[in-house]
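Some structures to go through are shown next.
Each of the next two complexes has chain A plus one more chain, namely chain B in the first and chain C in the second.
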Partner chain A sequence: MYSRAYKAAVAIPPIVWVTAFLLVPYAILFCYSFWSVSSIQTIVHHWNLQNYLELARNSLYRDVLFRSMRIAAAVTCFALLLGYPLAYYLSFHATTRKDLLYQLVIIPLWASYLVRGYAWKTILGTDGVLNGVLRFTHATDLLLAIQNSVNLHLAASHQITLVPLPFLLYSPFAVVLVLTHIYTPFVILPIYASLEHIPRNLVEASHDLGSSPWSTFRRVILPLSLPGVIAGATFAFVLTLGDFLAPLLVGGSSGIMISNIVVGLFGAAYNWPLGAAIAFFMMVIVMALLFTTERLEKRLKVS
Partner chain B sequence: MSGGFSSGRAPLLAAYTWLVYAFLYLPIIVLVVYSFSGSGVGGFPPASWTFEWYRQLFADGALWDSVLNSLKVAAAAVAIALGLGMPAALALDRTDFPGKSLFRRLVLLPLILPGIITGLSLLMLFVGARMNLSLITITLGHGTALISVATTEIFAGLQKMDRAQEEASLDLGASPWRTFWRITLPNLRASVLAAGLLIFTLSLDEIAVSFFLFGRDNTLPLEIWSRLRRGITPEINAISTLMLLFSILTILIWYRLRTRSQRGSEKVAAVLATAGTGEPA
Partner chain C sequence: MTNSPARSVADVSETSNRALLSIRHVLKRFGPRPVLRGITLDVASGEFLTILGESGSGKTTLLRLIAGFERLDGGEILMDGARLDPIPAHQRQVNTVFQSYAIFPHLSVFENVAYGLRAKNAPKSEIPDRVTQALAMVKMSDFAQSAPSRLSGGQQQRVALARALVNRPRVLLLDEPLSALDANLRRQMQTELKSLQREVGITFIFVTHDQEEAMALSDRVALLRAGHLEQIAGPREIYGEPATAYAAEFIGQTNLLRADVRDGIASAGAIVWRTFGPPGKVTYSLRPECIRLVPTVDGLTSAPDVSTARFRATIRNQAFGGAMDMLELHCGNGARIRARITNPGPLHGDHEFEFHANDAVRVRETGED
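The block that comes next holds the complex of A and B.
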């Protein structure tokens, strides 16, 4: 139906553009990862595996990578724990207000990433809203009492501080909290979509055949909603893994993630090749994950 | 909703749902409330109320320059992303060529790949090509990354479209070009507008890619970022509140556009599901 000229006209411009601005840059990243930096801070185009060996040898990179994966896993779990019940409620229990409630999930998604990270900073800070609320409600008195009585039994080097709450800002906890807040809506939407696609007569049949609500959920609804769960979880995990802004905003030195190392190597530390090697390694992890989840989803759809 | 199972009441689940909503909205409410707090950021309850931060904001030239820059970048990014996402969607829908599935994956990759990787790769390209970093490099970055959004949205529109009209137009002797302008594009209007609006908003908010590609001029998120690093100022609360208002306004328009073609919920979810699997829904 469509002529060759038509097909060429629609296919060639995007292919050329995507090759120039995506494929070639990713290839350059890959090349850089095999180069090195000379003592006078120039890039040496001499192919070797030094950067990857450095990644394998230096425990700093390994530790930070593992921490990033732990943080990403925690964010994914929390986002699912918060998101699934909400999506389920929307799909199965919200009746007339369904559309409104759905919009309420989307609105935070449109609020700027930075703005939300910053809002948490004002909430969690030492002079922040949360510590302010604790003072205002005199919960600090209780915390002080606990602090003092616990400290009586602790050596001087292990004394704890509870006023103001110390672990709130500049910690991995804060990074997990902020990123969970940011990615929960991303998890809710695909789960909701897959719940909405479940034929209601299947659910009713299960119910009519005498299944309890719980067993209907476990044997009918949950398996059928897994594609949505996988899509949402992949999204949350991958985007958290590559995040460098939340750690800079609220993470402090203990909340540093792998992308922060990359940013440092491209900035002050000036070691683009090593940075490129880490970035490429991240890309491989992400691709492997996408490949696996795609396979998983296909298999779920078939069965 | 019908049937005995789903109409059952679930007070615990409802309570949990509302708690999750509270979690999602808490920071946003705090932000708005404290943009009017006389004592600046933090402390509870705010001691006094003021419009001072908004006054400072409107007198802040550097900030408005960055807003203007962001609007320029976003408009150009929409043009690039739609200009290439439209043919990309048509190509995916109607042609077969070797490497098509690689092409599809590549186009959609920036949706799911962390921004830092796309940003760094483009930085290396531009440095290698001896280009100075500027708003232009940021625009190229945004435009390229957001082709993914344009492609998924328009592809979804194409899948819903009735082919008979196009076939009739071609059979009656109209050129493919004429058919595109007279039949295809008008049919896709809602998808294209919705995609454009989404891309515009995403570009306005983008920072992970811009972070590596900026030169002398800042976009709004970069400007906010540089101020955040210097310390918390309530002016940021004020600009954030305004941005939020703008976003809500956009989403209202966007939602109206979407419901005109189909249920909006399914398409947003389709974009996200696509992002998760790298396959057009």
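The block that comes next holds the complex of A and C.
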């Protein structure tokens, strides 16, 4: 049995830490979201709901929020499509290469986010690596021809010769691509963990009872790995939704996400109250999401 | 390889025309390590065959080859005369009861049992009846809608049995299914398993390391040792006439007497008896219960008849065992003999013991590998 003093000594530091560095700042932020900014750019401690009403009224915020969610959903889908097969291969079929492949999944996590963002910039840019390759192989002509045939009114404005693809960088496409690259490991790892937890004799039992490999995947492996899928999808969605670096680096004006707006409001725009309101609104969305997925995971998890 | 059990293999191939399952010269390696070194045996339809062996003997590997979870490195497996080994596991008419049951945790008991029927696209209308029947057979009807996590080990065991039997397989494979149960439940399940097998008439191939279990359940026992088939025979035969010293020692307890045979007399130290076999150095197996205490009347013993061997020994230890006591005897030149004697009462010192010469069974000394 531990003494009262020991229990207190163990419990107090984290409580102090959480209070001082989490709860108090959040509380301050929460207060800010009900204040406003005066015409001479000072913060007025006058309690009102203006910021939340602005959030509901101004279509800019709504549009950016929906775009952020679309991007987050797209990143989640692509990360799952890329991550699940890799996690499955890693867990079930990579025999001797297992450790190496696992390291290859982990290693990008050691590299700085900024480095990876800038790397994508050099790949996707107008004079970047990707366009270079595409132009060298004349694939751009084909792609642009397809695009032009879709948008006939643009046909005249484009020369069909060795032009770079302009839409690679500074677009929602670039944001989705970069974030998919960055967050796929966060999807692979929980799925891999849940696949590793499936007793292999269940797979054998399924074959033994007459299920083909595909049917075994559908009826045994996939259902038992769903908690990992949900955890991974939650990671990808929540992390993407709050991301502001990728849109900053490769998003351009059409790739702006909600966090960029928050950053802007706390920075140049100097409207902390509105920024705080958006931040709080986002936090509520994310917490509702986490709450739901956690319950879902618990229900799917079978002992 | 010189000690391969030629006699038992020859016996089996005579019956091959009515064999359901024929295992022919099966080889299996894990990397460089040979696990099965040429196993040949036949399984008759409706038979309860036990594959017995210590861990590492290859018994589970043999089972997994029949189930289709492993690929052969040599030889072949036939079912009804047709090659079984190239067929993938999910297309074989063979079902397995796994050692750790392998019940699907995300499905109810009912759905676990229905799994094989659904996989094989059995008519939808048939499924509920067949599942209910199978659950009734293993006395688990009340648990149809339960989650597997709520079942005890014994109950999961029953579900695993029902899940396999509901498919009406040609052969049911059981991989040490009782080893995780406690002793009482284990005995109860043994009885039920045996009567279940009689009831459904399906061929059972049962893997165990427990020789008592093997003896109690089987029509025949196949004893594996380090990837070789040591002997295959009915329980009484394998106990009464073990082919090798290993078989004699693995199944039940025995005394191995290494004797010199000359002129129809075998002598192992102070113990001498008549024998009919060819001369030379021969190993005999003598079961402890074949040894009797020579009855004395007023300190005198009657004269032995010619086929009885008598020897004098000192009792070193007497372990009370209820109906029978186990005695540890030292006779003369340090030879130790174990004897199982019915109700001897407390014994001390030197006594005369005897056994019938026919009870000393010639066994082959087992090979160097």
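Note that the second predicted complex is superposed on the first by the 276 of 303 C-alpha atoms of A that agree within 3 Å, B and C clash if a C-alpha of one lies under 4 Å from a C-alpha of the other, contacts with A are read in each partner's own complex, and residues count from 1 in each chain.
FYI, a residue touches a chain if its C-beta (ideal position, glycine included) is under 8 Å from a C-beta of that chain, and two chains touch if they have at least 3 such contacts.
These numbers were taken from a predicted model, which means no experiment stands behind them.
J.: For the three-chain arrangement built by superposition, which of chain B and chain C touches the greater number of chain A residues?
T.: The partner that reaches more residues of chain A in the superposed model: B.
J.: Check the residue A:L224 against both partner chains and state whether it touches chain B (first), chain C (second), both, or neither.
T.: A:L224 sits against chain C, while chain B stays out of touch.
J.: Thinking of the overlay built on chain A, is A:L29 touched by chain B (first), by chain C (second), by both, or by neither?
T.: first
J.: With the two structures laid over each other on chain A, which partner does A:Q50 touch: chain B (first), chain C (second), both, or neither?
T.: neither
J.: Report for A:S212: first if it touches chain B alone, second if chain C alone, otherwise both or neither.
T.: second
J.: A:S254 in the overlay: touching chain B, chain C, both, or neither? Say first, second, both or neither.
T.: So A:S254 meets neither chain B nor chain C here.
J.: Applying the touch criterion given at the start, work out whether A:L202 contacts chain B, chain C, both or neither, answering first, second, both or neither.
T.: A:L202: touches chain C, not chain B.
J.: Could you list which residues of chain A make contact with chain B in one structure and with chain C in the other?
T.: After superposing on chain A, chain A residues 204, 206-207, 213, 216 contact both chain B and chain C.
J.: Chain C touches which residues of chain A in the complex?
T.: Per the stated touch rule, the residues are 199, 201-202, 204-213, 215-216, 219-220, 223-224, 300, 302-303.
J.: What residues of chain A sit close enough to touch chain B in their complex?
T.: 1-3, 5-7, 9-11, 13-15, 17-18, 21-26, 28-29, 32, 82-83, 85-86, 88-90, 92-93, 95, 99, 102-108, 110-116, 118-123, 125, 127-129, 132-133, 135-136, 181, 184-186, 189-190, 192-194, 196, 200, 203-204, 206-207, 213, 216, 227-228, 230-232, 234-235, 238-239, 241-245, 248-249, 259, 262-263, 266, 272, 275-276, 279, 282-283, 286, 290, 293-294, 297
J.: Provide the residue numbers of chain C that touch chain A in the complex, in ascending order.
T.: The touching residues are 67-69, 88-91, 94-96, 98, 100, 102, 104-106, 115-116, 119-120, 147, 149, 163-164, 167.
J.: Across the complex, what residues on chain B touch chain A?
T.: Residues in contact with chain A: 1-10, 13-14, 16-17, 20-21, 23-28, 30-31, 34, 41-45, 84-85, 87-88, 90-91, 94-95, 97, 103, 106-107, 109-110, 112-118, 120-125, 128, 140, 144, 147, 167, 170, 176, 201, 205, 207-208, 211-212, 221, 224-225, 228-229, 232, 236-237, 240, 243-244, 247-248, 250-251, 255, 265-266, 268-270, 272-273, 275-279.
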